[in-house]
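See the structures that follow.
Next come two complexes, and both contain chain A; in the first it sits with chain B, in the second with chain C.
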Partner chain A sequence: MLSIVQTISLIGLSGKLIEVQTDINGGLPSFEIVGLPDTTVKESKERIKSAIKNSNIDLKSKKILINLAPANTKKEGSNYDLPIAIGILIATEIIKNPKIENTIFIGELALNGKINKVKGILPMCIEAKRLGIKTIYVPKENEKEATITDQIEIIPVQTLKELIYHLNKIKQIPKSEPSKQKTAQKPQTNNPDFSEVKGQENVKRALEISAAGSHNCILTGSPGAGKTMLARRLPTILPDLTFNEALEITKIHSIAGILETETGLITTRPFRTPHHSISSASMIGGGKIPKPGEITLAHYGVLYLDELTEFKKQTLESLREPLEYRQVTISRVSASLTYPCNFMLIASMNPCPCGYYKSNIKKCTCTQKAIKKYREKISGPLLDRIDIQVEVKPVKYQKLQSTQKIESSQEIKKRVNKARKIQQNRYKNETIICNNELTPKLIQKYCKLDKQGKELLKKAFTKLGLTARGYTRILKVARTIADLEEKQNIEAKHIAEAIQYRIY
Partner chain B sequence: MEIQKIEIQNKNYPKNLKEIKNPPKKIYTIGNQKLLLNQAISIIGSRSNTEYGKLMALNFAKTLSKKGYTIISGLAKGIDTYSHIGAMLEKGKTIAILPCGFNQIYPKENQQLYEEIITKGGLAITEYEPNEKAESEKFPERNRIVSALSKGVLIIEGAYRSGTKITANHAKTYGKPIFCIPSNITNNKGRTPNELIKEGNIIVTNEYDIINKIQNKKSTKTQKEKIIKIEENIEDEYIYKIRTKNKTNPKYAIYKHIKETPIYINDIVTKSKKDISEVNYELTMLILEGYIEELEGKTYIRKK
Partner chain C sequence: MKNQSKQQTGKKGEQIATEYLKKQGYKILERNYYTNRGELDIIAKQKKEIIFIEVKTRKNNKYGLPREAVTKNKQQHMYKTARLYLYKTHQQNAQTRFDVIEIYITKNKTILNHIKQII
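Entry: the complex of A and B
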């Protein structure tokens, strides 16, 4: 007998409905899966056989043929286990007359019949909804993630047996309540806080501006100055996620399979800190069917590159286009996929190979040539995409001892949130979200200067030798500073402050 | 205030000026003429001074004013400027001898200082017509008046061949005592005073060295041992105010912390107790207006 069950496959972030066609006939016993399955899918045979057997169902020896249609797209992953098993059970009439129109099954089987969680549930559910599916059977462990999608019936399944009873209308599995989590709120955590950092006012301010406008920022300073310590506190002042942002991040993390069972919707901006030995494929994304890389995982969050100069040159250069276009297209033999990567780059580096150039702690032992070579590792085009540069110096002992009250991350975050809201309102009719993304055309539209501001900029141009590129960067940063102060127009003082954070 | 002309025949013409070989036929004055009756000490030195020279000028002018002496100097940049300011800090009266007419103040930066001197009860003197401009040969001519009018000349800093040296030579020919503040021998600006000390002029380590010589007193042991107390943080708000046209410039709150040794931005924040955003803004403005300079590593120094 023939049965047809639906499931979904993801290519990048977009979904495609897959028909699992099962044909069971007499003849020499065999079990074949066709339709470009990868190894995981092929191996599902063994899992399915055991799972069915261990659910106390006797499967007669028959000739089983499974076709995954459309047959020309590659199928990978363990989420086909459940639909194939259901297909077999329907074809063998163990499940009778089930209602499976506009329904898909997703899940991996364990040998004992338990249904294990799979990657990418959230994007699958969202895509299924778009493709007109009404009911989705998901592993119980993925329930939280799946219920973020609204207006669709989610049925969480723990075991194969339970599902058979359900489909045979013997014992119903209660469907999931839609998640109430519609706004992205950050839970209270014991994160490090900026109130623990004494001194370093200029760095804190630079990070505040960066966070507010999503500006790329580079921290330079000698070893032990506190670059990493400061950068690690950045997540505590990042603006709250909007629901759409949260959804998109969750989708990506779901595909990458790094979503924790308990999380559901991701509510904090990602903070990715790849080690400097990373390959460009893991940075950008790659694989036979390309998987998201670090830059995509840092979407709407922060990509923190500690010791920037130690990264491979090729890896760093590959960041250029993603930083510009905020999305990356990865082409491989089997697929060409586009992933979003609207991230904020925070980098830190030493001023020279020994680390103590112009430091007052130790004498620098580097030759001028060595310093030049060291700095050349960061190419001009990459530096061009960084808006803010800030120098970090070790805090003096007296300051460490001071008992002066320091602003907490919470207070800084309040300002950042306000500034980000202003930007969202201003750009609601544009394709951009924040000041960092301003194009020259939009700068003309949104970064209007008063007379004093223009004069100041003109003066700075001749006196400080600014370049045209430096000009736009200063305007963008000044726009953010004005937003932090909740000012409509950019004033001279905002520009003057932005000039202090320019790149040399 | 009115410009007054004093001819050499006039009884108001300063006596000690008449005594020199080539006294000016007439002098123009503006301000408080009574100051000419007071005992005066000239303070002179390099136009491009060091921080040490500046502190010495401010401190000695201040303490000598306190003791009742009038400070005479040439209204030039550097040591001259600080000498006038030091005197005014103690509400002392000071006399500026100009190498130019009153309508052509040189250097232009000191226009403000010049006005300050005459409105605060000081005096300005020149032998030139009001519209005459300063020219290089007028500087040594001016210097002869500086040394002639005083009881003694205090030399703070000066390079090997300098106007300071010329004034010292004038003083020598007029038989005025020359007081020298010793400098570090590696300090190029310290060569003139150090050379003069070597030639047998008076080395000065505190104000009594000067006062006792002028009053022909023997210095007591305690006075000899007294080490001059230097005010490191002498109010240079005054200097700043005189230099900038806007007298209530808020930038001073930041500017005063930036000295000749580089200071890191966060130390400015701590010292001024201002917000980092405000400090950032003010620093840019100070740079663009040419008061300070940014060095590598977010440190700042005062521009000379």
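Entry: the complex of A and C
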């Protein structure tokens, strides 16, 4: 007998409906899966056989042929186990006349018939909704993630046996309630706080501007000055996520399989801190069928590169295009995929190999040649893309001992949130969300300068030898500074502050 | 017992298995079906199902259990021979099954164990 069951496959972030066609005949027993399955899908036959047997179902050995249509796209992952098992059970008439129109099945089978969680449930559900699916059977462990999608029936399944009873209308499985979580409100946690950092007001200010406008930032300074300490506290002042941003981050993390079972929607901006031994493939994404890399996982969040000069040059240079276009297209033989990567780059480095170049506490022992070689690791084009460049000076003893009250992260965050709100309101009719994403055309529209400001910028352009990109970047930063002060127009002092953040 | 050769043990086991199957209501179609692909000890039929049976007989467990002697390789041979049989008798679409019958023969009793659906 023949049966047809539907499921969905993901290629990057876009989904495609897959038909699982099962044909069962007499003849010598065999089990074949065709339609470009990869090893995981091929191995599914052993899991399916055991799972069916251990659900107390007597499956006669027959000639089983499974076709995954369309047959020309590659199928990978363990989420085909459940639809194939259901296909076999329908074809052998163990499940009789089920209602499976506009229904898809997703899930991996364990040998005992339990249904295990799979990755990428959220994007699958969102895509399924777009493709006109009405009902989705998902693993129970993925329920929270799946219910973020509304207007679609989600049925969480724990075991194969339970599902057979449900489809045979013996015992119904209750469908999930849609998730009430519609805003991305982050719970208060005992994270490190900016109030722990004494002194360094200029760096805190720079990080505040970075967070408000999603600008890239580099911190240079001698060892122990507090670069890492400051950068690690950045997540505490990042603006709250909007629902759409949270949805997109959750989708990406779901595909990468790093989403935990308890969390539905991700509510905090990602803060990725890859070690400097990272390869460029894991940085920007890669693999036979490309998987998202660190920059995509840092989407709408922060990519923090500590000890920037220790990274491989090739890895750093591969960041150039993604920083500019905020998306990355990875081409391999089997697939060419585009992933979003709208991240904020925060980097920290020493000024020279010994770390004390131009420092007033210790004498630098490096030769000019060594310093030059060290600095050469960071190319001009990469530095040009970093809007805010600050030096972190060692803290003075008096500052360390002072008991003066220091601004907490929460206070800074309030200002950042306010500035972000202003941006969101201003750009609500555009496709962008923050100042860093401004295009030249939009800069003309939104970054109006007064006369003084224009003159100052003109002087800086010729004297500092700015590039065209440097010019627009200064305007963007000035826009954010004005937003932090809740000013409609950019003034000369905003421009002046923005200019002083370009030290290289 | 002492002079009984290995072949005789096997023959005896197959005889016991055949009698057992007849008692169970199976119809015996062939015995010792030889082809150049391999050999099938018994081919039987029950209702509409054709059953290919390998009989393994042992007098002691010194060399492992009888059922363990039906290796992947032996199963392959059974499969290929069965395919040839179905082809020659024009019943490629029939419902089929592969079984193993293991028999222990000791001085005072014989034990028979029928394992169904091995593939």
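The rule is short, and it goes like this: the second predicted complex is superposed on the first by the 488 of 504 C-alpha atoms of A that agree within 3 Å, B and C clash if a C-alpha of one lies under 4 Å from a C-alpha of the other, contacts with A are read in each partner's own complex, and residues count from 1 in each chain.
Everything below uses one rule, namely that a contact is a pair of C-beta atoms (placed from the backbone, for glycine too) under 8 Å apart; a residue touches a chain by one contact, two chains touch by 3 or more.
Nothing here was measured: the structure is a model prediction, and the numbers come from that model.
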{"item": "Touched partner set for A:441, first chain B, second chain C, both or neither", "value": "neither"}
{"item": "Touched partner set for A:180, first chain B, second chain C, both or neither", "value": "neither"}
{"item": "Partner chain(s) touched by A:62 [first = chain B, second = chain C, both, neither]", "value": "second"}
{"item": "Partner touching more residues of chain A, whether chain B or chain C", "value": "B"}
{"item": "Touching partner for A:497 - first (chain B), second (chain C), both, neither", "value": "first"}
{"item": "Contacts of A:99 with chain B and chain C, given as first, second, both or neither", "value": "neither"}
{"item": "Overlap of the chain B and chain C footprints on chain A, listed as residue numbers", "value": "none"}
{"item": "Contact set on chain A toward chain B in their complex", "value": "199-202, 204-205, 351, 358, 390-391, 393, 395-396, 399, 456, 459-460, 463-464, 481, 493, 495-497, 499-501"}
{"item": "Residues on chain B engaged by chain A in the complex (per definition of touch)", "value": "264-267, 269-270, 276-277, 279-285, 287-288, 296-298"}
{"item": "Touch list for chain A against partner chain C, complex", "value": "25-29, 60-62"}
{"item": "Sites on chain C touched by chain A in the complex", "value": "79, 82-83, 86, 92-98, 117, 119"}
